[in-house]
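Okay, so here's the structure we're looking at.
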Amino acid sequence: MIRAAVLGATGYAGAELVRLLAGHPQVTLTLLTSRQYTGTRFDRVYPSLRGFTDLMCETLSTDVIYQKADVVFTALPHKIPMSIVPDLIANDKKVVDLSADFRFKDQAVYEAHYQTHQAGPLLDEAVYGLCEVYREKIRSAKLVGNPGCYPTSALLPLIPLIKNKLIDADSIIIDSKSGVSGAGRSLSLTAHYCNVNGSFKAYKVAAHRHNPEIEAILSDVAGQSIQVTFTPHLVPMTRGMLTTIYTGLNAGVSQKRIQSSLIEAYAKEPFIRLDADHQLPDTLHVKGTNICDIGFKIDRRCNRLILISAIDNLGKGAAGQAVQNMNLMCGLKETTGLDAVPRPL
Amino acid sequence: MIRAAVLGATGYAGAELVRLLAGHPQVTLTLLTSRQYTGTRFDRVYPSLRGFTDLMCETLSTDVIYQKADVVFTALPHKIPMSIVPDLIANDKKVVDLSADFRFKDQAVYEAHYQTHQAGPLLDEAVYGLCEVYREKIRSAKLVGNPGCYPTSALLPLIPLIKNKLIDADSIIIDSKSGVSGAGRSLSLTAHYCNVNGSFKAYKVAAHRHNPEIEAILSDVAGQSIQVTFTPHLVPMTRGMLTTIYTGLNAGVSQKRIQSSLIEAYAKEPFIRLDADHQLPDTLHVKGTNICDIGFKIDRRCNRLILISAIDNLGKGAAGQAVQNMNLMCGLKETTGLDAVPRPL
Amino acid sequence: MIRAAVLGATGYAGAELVRLLAGHPQVTLTLLTSRQYTGTRFDRVYPSLRGFTDLMCETLSTDVIYQKADVVFTALPHKIPMSIVPDLIANDKKVVDLSADFRFKDQAVYEAHYQTHQAGPLLDEAVYGLCEVYREKIRSAKLVGNPGCYPTSALLPLIPLIKNKLIDADSIIIDSKSGVSGAGRSLSLTAHYCNVNGSFKAYKVAAHRHNPEIEAILSDVAGQSIQVTFTPHLVPMTRGMLTTIYTGLNAGVSQKRIQSSLIEAYAKEPFIRLDADHQLPDTLHVKGTNICDIGFKIDRRCNRLILISAIDNLGKGAAGQAVQNMNLMCGLKETTGLDAVPRPL
Amino acid sequence: MIRAAVLGATGYAGAELVRLLAGHPQVTLTLLTSRQYTGTRFDRVYPSLRGFTDLMCETLSTDVIYQKADVVFTALPHKIPMSIVPDLIANDKKVVDLSADFRFKDQAVYEAHYQTHQAGPLLDEAVYGLCEVYREKIRSAKLVGNPGCYPTSALLPLIPLIKNKLIDADSIIIDSKSGVSGAGRSLSLTAHYCNVNGSFKAYKVAAHRHNPEIEAILSDVAGQSIQVTFTPHLVPMTRGMLTTIYTGLNAGVSQKRIQSSLIEAYAKEPFIRLDADHQLPDTLHVKGTNICDIGFKIDRRCNRLILISAIDNLGKGAAGQAVQNMNLMCGLKETTGLDAVPRPL
């Protein structure tokens, strides 16, 4: 059994990790840390898990991690992981970092949008954990930078089309809509029920930190610099993310070509479902799962492609993909612990 | 007092009309019709209005309308209005039609997206009831085609910029998000609570009938043919519509120029609120009102403008604007009956 | 025009007061105070009110109140009102206090559930602002203790039956359900969207401070000591409160007798709607209003009466009733500013 | 592997059964029937299950059932099961019926609240599938009448206290609150999103068919006739049920005695969680599970016990318990296929 630690276990991504790992047949959860809840049983913070884990929340100590864990999930605010991950790696732990600290290859880009990086040398070694795209690198990685939720939802539909040069890379517009759990468990007016209920709004328009993350990966895949316009919105629901992408089609690209490109890339992927001519993606269909549903339409009159993806922001957008990464890093079957049948409603 | 009839009073737009007209200081509601609820008191269908109207729902009869009403609101499914509106007009009634039947100047466009038009000659006479844009024509109109909710939300922010040639008319992408009341009161799985709750999805992508309506008005205003890409989405909330518009900026257009253009167009408008540098529009801020909030951001790196508007789809998107049109047509102060203070939450 | 001040204007009850007073035809809002938002425009805190008030939030100063206001609404946490209300009354201001500070006649009861009372002598003078029950006293009152939301919803249906000795006063069980705005605008996990959405739960079972308030008024009305069991619950919605009351019927009491008792008490009340045999109360029907809907059923087999009431916790349960009290205290028509037509949905 | 058929697979209880059985390690789903969707793939009706079952919905035919299934779940409207279950039993199938047809021992009670029973002789043989109470009988049953959701939530907390004679059986009041999925997938205004959102209401007060079901089982357990007052309410959420029960305490019964009675009954039950002094039950904590959370408080002043239970109405209230019954009937470990870790949110 793989011994796993979740650092920052009482945040939403951390708690979803606890759920997935507590049910993972080849993992034993051995350590949960939480600054706010040190000394409190995890199931007192999340009573739905009563009977499924009796772990106490502990304070974060690398010594304890060294003893107790083989794999470490850091579900901590960015800046904290960079201060402890080097030691974890040096002590031969496998690390899946859910913060932004190890998602960027270019330290300058990270520093332009976050802060000074204190573990720059590790950026080279870290692998971007978008499993369907960087699978082989992930298998041998010691450190994975788990992708952001918005980037996951935007990159999966775009990458095959970018790779196959089917779309105009200068014309990409990404309009994303996220459930409120994406804003985290911290108290804020943004997450106050009375502010969310009946409210739909955009935020951080053309100024969200996931914008450079999307661009960095698209550029890497394309072999050329790509810039996109990105607008996130907040939806009155707990979980789920729908991303609508607009892009010009390159000359002569047919609907069939788009479809075959997506099929070629994803038909065998266990966590991607394509449905070109039937129902379009709906967040309700992927809630609680590690699945990404992808659909598209072409607006022929304007020669534009509309790509639509749906994920659970806490699933494929965070904890689910983190476990998928762990499975790859540890040589397990990729779907282990992630194959629960989705709820019909 | 103006005597008003609402035909199709038990649909959502109709019921919102009843609310507004029952509280309008210069209107007496004299007639409500409903096919489904003929013979039932209106306040049994909408118990919140108990004590505010004791009208019975009646069957639709033009003779009764002739006797009882000066102004007629037709909140009926398209196709029905075209069969009765000519008679109403011939009998000197003022008509605000909330269906699509009298929104198009070009009969062929209407017929391409709806069906054969049986009252084609009236299309010339009908005025498109976007009050802030066609105000003077509305004042003297006998027949107003009340705009669709999506077109209202998209046209108001776009029109001043189109008129001033600040944006690239070939690059317009409209990503709209609507509350569920937009789907109407008819029973359908689409509106079943368990299908809506936790669900966010696009529908009729690049195939919605409001698409040609938006294009017709934009083209009229621009004096050139304009085509747009339009994607509607469904948000798990009852009322509200947020529209995010992406468009390229023409060369040399500054943020200030956009702002001054919007200010020039709308600073004196009682139902439009601009907030360029502060809070972006939020459906919660316009719920239950006839207000349209407009904001914008510029993505300088991509030279794109992101325009955002928020309305209540049943307010400025339907019944509110219909009453505003009636006020104009009847020579009343434009805000009469529409000036209730919005709820803070 | 009556000059009105709202102290604690940025809490939910305060903001709803601002809405109602800004639309009140005989009131001018002259002063809003807020500890947290001193120096900020009120419409920046509640953007829905942009265009309807341009007042700044000020710090609380009795001197300023003396100059600016005739009537003062204290929408402050209990304990603060008792420290300033005596001065306001001494300076001839009329005060409607929305806290618990002046709801109790018996200082000992207040102190058992809140804290030491520093303005005990005023308790005698203060009138409990349940308008339908204490109307005449309210007309001449200088200080009104505005009822709690739960007490309002429970007392209105119970009082006529208690007065007429139709029910067993020892058997009263009150099961209440409140929207989340009742928990206030303060940040807490209780109000975090992700904790509320999909959640229904009881809280402070048999231990809520509104329990003694209900008992004090019931006992006053009955002329004997009455104790009740009271359980509040939290409903995933913003506004609204439904209260289900169970009580034994006294011997020989018929359905007709219950109905006639309610009709006798309330048929002429502008804000109470009875509907004995048709639709039962629903929070949706009273949202945003000052109305209390009341219905009932009898379980003959068990000889029990089930009374059901619906109010808006921020309306009749707080700000609406406060304005109704002001209308009475100032000799205005009781419905002034409270007669907006309710929304159909 | 057990071959299982779900009749009425596209209703909500049926679909939840499909989810649970598709993930059950010792079951193969072999047959799904649906009147409305005959000839349609199940995953087209419930797209979340795409990739998890490729079964077609078939028309209901006993011959096909005989061939394909060992265990049959009838998730059909009452009246239909009674017409086919006798044949299924005669052909040696094990049947878990989710309708009311086989929940009553007393045919007259069934007929008073439903209709003429056409399979009366089977009522004796059928076992009421409240697993924690009738476990031993269920193990050897061929036909289980799966309990209603409301009865499950009310009976589990009450039965140990009734058995131990700790509460006054004449004083039981059951106030239940259910998510909207309990109303089923059929189209109705009751389930229209705009009617549910912001709405909380009671329905079928003292007239719900689950009332006699609760009484029949309580009476059976008590060995005396028990009548209760029961009020169901509708909560704006998809899944979940909270039941608040009020009952008088028998003389001398202490808090400890209540607690020890519940512990004695349930401490070893895998699907019941007691939490006497900590957090009270919350529907959010049991969503998607087969768990029943139970808590209680005593109102000493009134000598009343307040019992609170939370279940998922589709889980322990329907499909979950049905699978638990199948496990017992088939000699499997009782928790098989029902032990997924609950989501934290």
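A, B, C and D label the chains in the order they appear, each numbered from 1.
By definition in this document, contacts are C-beta pairs under 8 Å (C-beta built on N, C-alpha and C of every residue); 3 or more make two chains touch, one makes a residue touch a chain.
Just so it is clear, the structure is predicted and the values come from calculations on it, not from any experiment.
Pairs A-D and C-D differ in how many C-beta pairs touch across them, and the larger number is found at C-D. Distance from subunit B peaks, on a Cα-centroid basis, for D. With centres taken as mean Cα positions, subunit C sits 46 Å from subunit A. Between the CA-based centres of subunit A and subunit D the separation comes to 37 Å, rounded to the whole angstrom. Subunit C and subunit D have centres, each the mean of its CA atoms, that are 39 Å apart.
In subunit C, the positions touching at least two other chains are 12, 181, 194, 197-198, 236-239, 282, 284, 287, 345. Remark: subunit B residues 12, 15-16, 18-20, 22-23, 44, 46-52, 181, 238-239, 273, 275, 278-279, 282, 284-289, 291, 293, 340-345 touch subunit C in the complex.
Interface residues of subunit D, counted against subunit B in their complex, comprise 12, 180-181, 185, 187-189, 191-194, 196-198, 236-238.
Looking at the complex, you find that subunit C touches subunit D at residues 173, 175, 177, 179, 194-195, 197-203, 205-207, 227-229, 231, 233, 235-240, 242, 244, 246, 280-284, 287, 297-299, 301-302, 304, 306, 308, 310, 345.
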